[in-house]
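Next come two complexes, and both contain subunit A; in the first it sits with subunit B, in the second with subunit C.
Let's turn to the complex of A and B:
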């Protein structure tokens, strides 16, 4: 998007001073080509999404009887698939939110704390350096490499016993896996969150922090009153990034929740099997399900979009 | 009472395998209410000294005493000092009022009303009362500077520390703020340590000047003492603009012999010099006078290389008649004196205006006479 804006802006400034007739005709041809090119790319990228959207509103006969990107006509139009998808995915939406939101918030907060300690505090460099090295290494550990150790680890933790009071309240004990997912995602997201916050805090004025120290603020007070309020843009970046990662992650849910029949099954697990049966694929249902599953990430992008752009730019 | 004493203060930074001495055994005593300007070229350790007083740097050895109490191990937030930074270091997300109240909220038990009153008073003093609701981003450079000062004075600390507070301002605003700061200092009478590399600020603002070079304290004295009675060649060259002219000379009995001129000395001056033979002759540009004829003992014929007219005076680059081209020294003459490049003129370097420095150590052995 920023690319578009820049290309556009560039041509405008070039065109304005050279408004004589001869130059204008040359620029017009260039512009026509440019816009055609942009339109072509727009179509190319939007066609799959458009196809998915129109397909989700089609009856089975509509899906088989028309081109994928053709809109549904009177007889083949139906909300039925969206209703069915929502019925199937509803509990998954709630389950996913149950771990994705806490894990995102906790990992962002802990990342911010850690990065603050690694940059603006006056701890000795020789203590900071190894911690940072470990965190950077943590960013590069592939998900696949930790799957077996992860399931081993959680099988050793008697989480079911510790949470006995919850099951006594009538909560399905499948929900232990929600706790497991929260802790796993926080641990796995902490390194990248810390590294992102660290680069942001490194650029923060050191004199400003020193001024706060001389003003009598302790290291905790400086974080709460100066650093945290100024971290908004980076929180937007980290929240969007982490939420998308955690919401869309299938690997950890496969290992920790395992089946869609679990009461705590997240939306990604249910979506994987949605609309698939021995009789074949129900494309309309799968499309509707995909859109429902993607809506929360879209909402997060829209909610933090402005701060996100500011945070990425710094 | 806000006395501040630095006793043998030393700062050593590790540098690879070795170490760098940034501040070397500095002794300074400031009395209550004194305005001391610490001045020196960049990298001389003046900011490090200030930061040690603030508690932002640890002290390698020596002792800093604030109001008689040793503060080496006291955290910056407990030292009761306020500092004004070069970058102003305002909190960008707070209003001017928030910026000024922050220190009181963090370091005192004052009630909200009391804080509000004190902030309003300080804002009144600084002339920023109508800006209290604005954010720093909406202020001009001069206004931010005032807020930074206001944030310091509202705390009513024992000591103010200022780290080149005027260097981000344009020339006109800088001289305005210089006057403003002097007025404030007179009014508040708080002990102030002011770091700058600008010798004009040092000369005009300070009760006393401390001159640092390469981490070592060169001289602590009033501005005029530093100007007329420099302790060594470095101070003589650093204070004054254009700076003092230096000529390496050899003493041969009663005469100073340079490559291109001889300078006879009188008995009192010779007494000061003693047995030293390797000397540096120093003379301030304004002490070099145009002479009508070359009959005097201390007159020399010179060639004018460049004239820089400043309006009130001309800065003239002169060369001894026998000296190679480019080897010039500076004299300032009245703005109405007609001097132009290429002229041959005779100048006098009066003996009562000369300074003599030890050629090896740079220590002053003889300073100019001052009419009392």
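Let's turn to the complex of A and C:
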């Protein structure tokens, strides 16, 4: 963030004030072209978002009667679509948070456990390798390959009966799907969490752990006293990555929650059907809805861009 | 055996457990010591960390894939439960005779290859631009990577609007250049390329980040040596720098291909239903539609296995390559 703050001063085309005279005279066609290219790409990446943002504030006549990237003018400006989108999606925001946050935390913790058990402990590489290979391969599994069994599995588990005490408290029994989503996302998120933590633990200082082992510390104690406290930066990366993945995923919500009329419908599921009807498409509503659904992950990205980049690059 | 130790040391005294087991070895047979003897000294003690998650992944990933394979051999449709007594490959022959399946397989392949190539190319271009010692590097990089943090469901909304026939940005730009409007989503010959373009927009930032890490790992001397030899910038990148990005290219390609195989979320949200626009049906969308809209569970499972085998064909060699380089 400090870097961003620094860049706020000055315009992009301005020459670097710290550059020597030689460099200044080197501000030639090449440099100009370079920045033109960078700005062109900036436009390319921002225009769909900008166009969506301005459209979400337009009245229907504004949507059809003005350029899609032009801001709304006087008479065509309205908050109506944002209000309508929030009415439709508000409950989805809460429902999504109900499973996304627990699933993120649990999968990160378990991923840390797994990576630790497979990295900082002495057992034969010959046997470790297949365990690791199976976990790493799990990162790349197309979820379609497990969907039908997943539906079968959850239809066989009598979750409704087990959670009877919750329904007795007056909670809508649609919320059983929240539990299903948490366990499902933890199971399929574990491989990537393990891979991320493993790359971190492999580079962790061996001496400290060796010393602790010589002192007779148990594996569990070493984790609690040494490895876990040092895992902070990686937890940031994994939590951010996992939260984004789980919040953004549609497929599991579609299969496990099935219908947007469910009381527990996550926001992506409601958004996927928003603003499309037989009479035509309400693009202003769809855009406003898209921004509401994107707000949590956008906020996380803007606050922790570095960690996010590290997560995707590993 | 391991189960016992898992639940046995909940008190947190793993040390004493291990100690007791080792002493027990002298006085008689101890299963813990026998396991440690076979697999390594920490095997049993460390299993409390990795075994439960491993079993969870084993059950949900590998158990489910085997189960899926079994279901694909049945005739399971509609409501009820599959009948496992009569197994055959009927669903696979049905797939080969289904023109919808063949089209979806071809589309999947086109999307896979086309999307990966254009995204790699754009990502590499962005990485090189960013790496040219520019100002505001962080700002540019952050914005280029931003679409990656958005849901497919969200980006599908944006691109449905971008590709809109009457008032979408793309058609406005095209008509201002003097060309005619194009029905990007409605024309079955074009829609797949439009989808590819939108996905490229979303994932080019990812390829950029991977390439940037690769570029930064190249020692400065290589650039300087090329400069001294009088090579032009283009020639330097083409001859000296890009060949050194093999590792980055391979990892980025694999991840991008897997993303392309998963493009279901995007296509579903583009139209808000199981039936993607004509000409854009891929195996991922066909599988979900057959299962959850048509209740053809066994057939959907056979499509899923096809998709899985395609993924294995990409990921298998990659994992083997990483294993040989000692990266696993």
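Just so we're on the same page, the second predicted complex is superposed on the first by the 264 of 314 C-alpha atoms of A that agree within 3 Å, B and C clash if a C-alpha of one lies under 4 Å from a C-alpha of the other, contacts with A are read in each partner's own complex, and residues count from 1 in each chain.
We adopt the following convention: contacts are C-beta pairs under 8 Å (C-beta built on N, C-alpha and C of every residue); 3 or more make two chains touch, one makes a residue touch a chain.
For clarity, every value in this text was computed on a predicted model and none was experimentally measured.
With both structures placed on the common chain, the touch criterion links A:93 to neither subunit B nor subunit C. Set against each other, subunit B and subunit C differ in how many residues of subunit A they touch, and the higher count belongs to C. In the superposed model, A:159 lies in contact with neither subunit B nor subunit C.
When the shared chain is aligned, subunit C comes close enough to touch A:51, but subunit B does not. In the superposed model, A:211 makes contact with subunit B only, not with subunit C.
By the document's definition of touching, neither partner reaches A:105: not subunit B, not subunit C.
After overlaying the two complexes on the shared chain, residue contacts for A:113 are found with subunit C alone; subunit B is out of touch. Contact with neither subunit B nor subunit C is seen for A:263 once the two complexes are overlaid on the shared chain. After overlaying the two complexes on the shared chain, residue contacts for A:221 are found with subunit B and with subunit C alike. In the three-chain superposition model, subunit A touches both subunit B and subunit C at residues 216-218, 221.
The part of subunit A that touches subunit B in the complex is made up of residues 205, 207-208, 210-218, 221, 225-226, 229-230. Listed in rising order, the residues of subunit C touching subunit A in the complex are 9, 12-15, 18, 36, 39-43, 45-54, 56-65, 67-68, 71, 81-82, 126, 129-130, 132, 134-136, 138-162, 164, 166-169, 172, 201, 205-206, 209-210, 213, 254, 258, 261-262, 264-265, 268-269, 271-273, 283-284, 287-288, 291-292, 297, 300-301, 303-305, 307-308, 311, 314-315, 319, 322-323, 328. Per the touch definition, subunit A reaches subunit C in the complex via residues 3-4, 7, 12, 16, 34-35, 37-38, 41-42, 44-49, 51-52, 55, 63-64, 67-69, 110-111, 113-114, 116-118, 121-124, 127, 129, 131-138, 140-153, 184, 186-188, 190-191, 194, 216-221, 223, 244, 247-251, 254-255, 258, 268, 271-274, 276, 281, 283, 286-287, 289-291, 293-294, 297-298, 300-301, 305, 308-309, 312-313. By the touch criterion stated above, subunit B contacts subunit A in their complex at residues 54-56, 75-79, 81-83, 85-87, 89-93, 102-103, 106-108, 151, 155.
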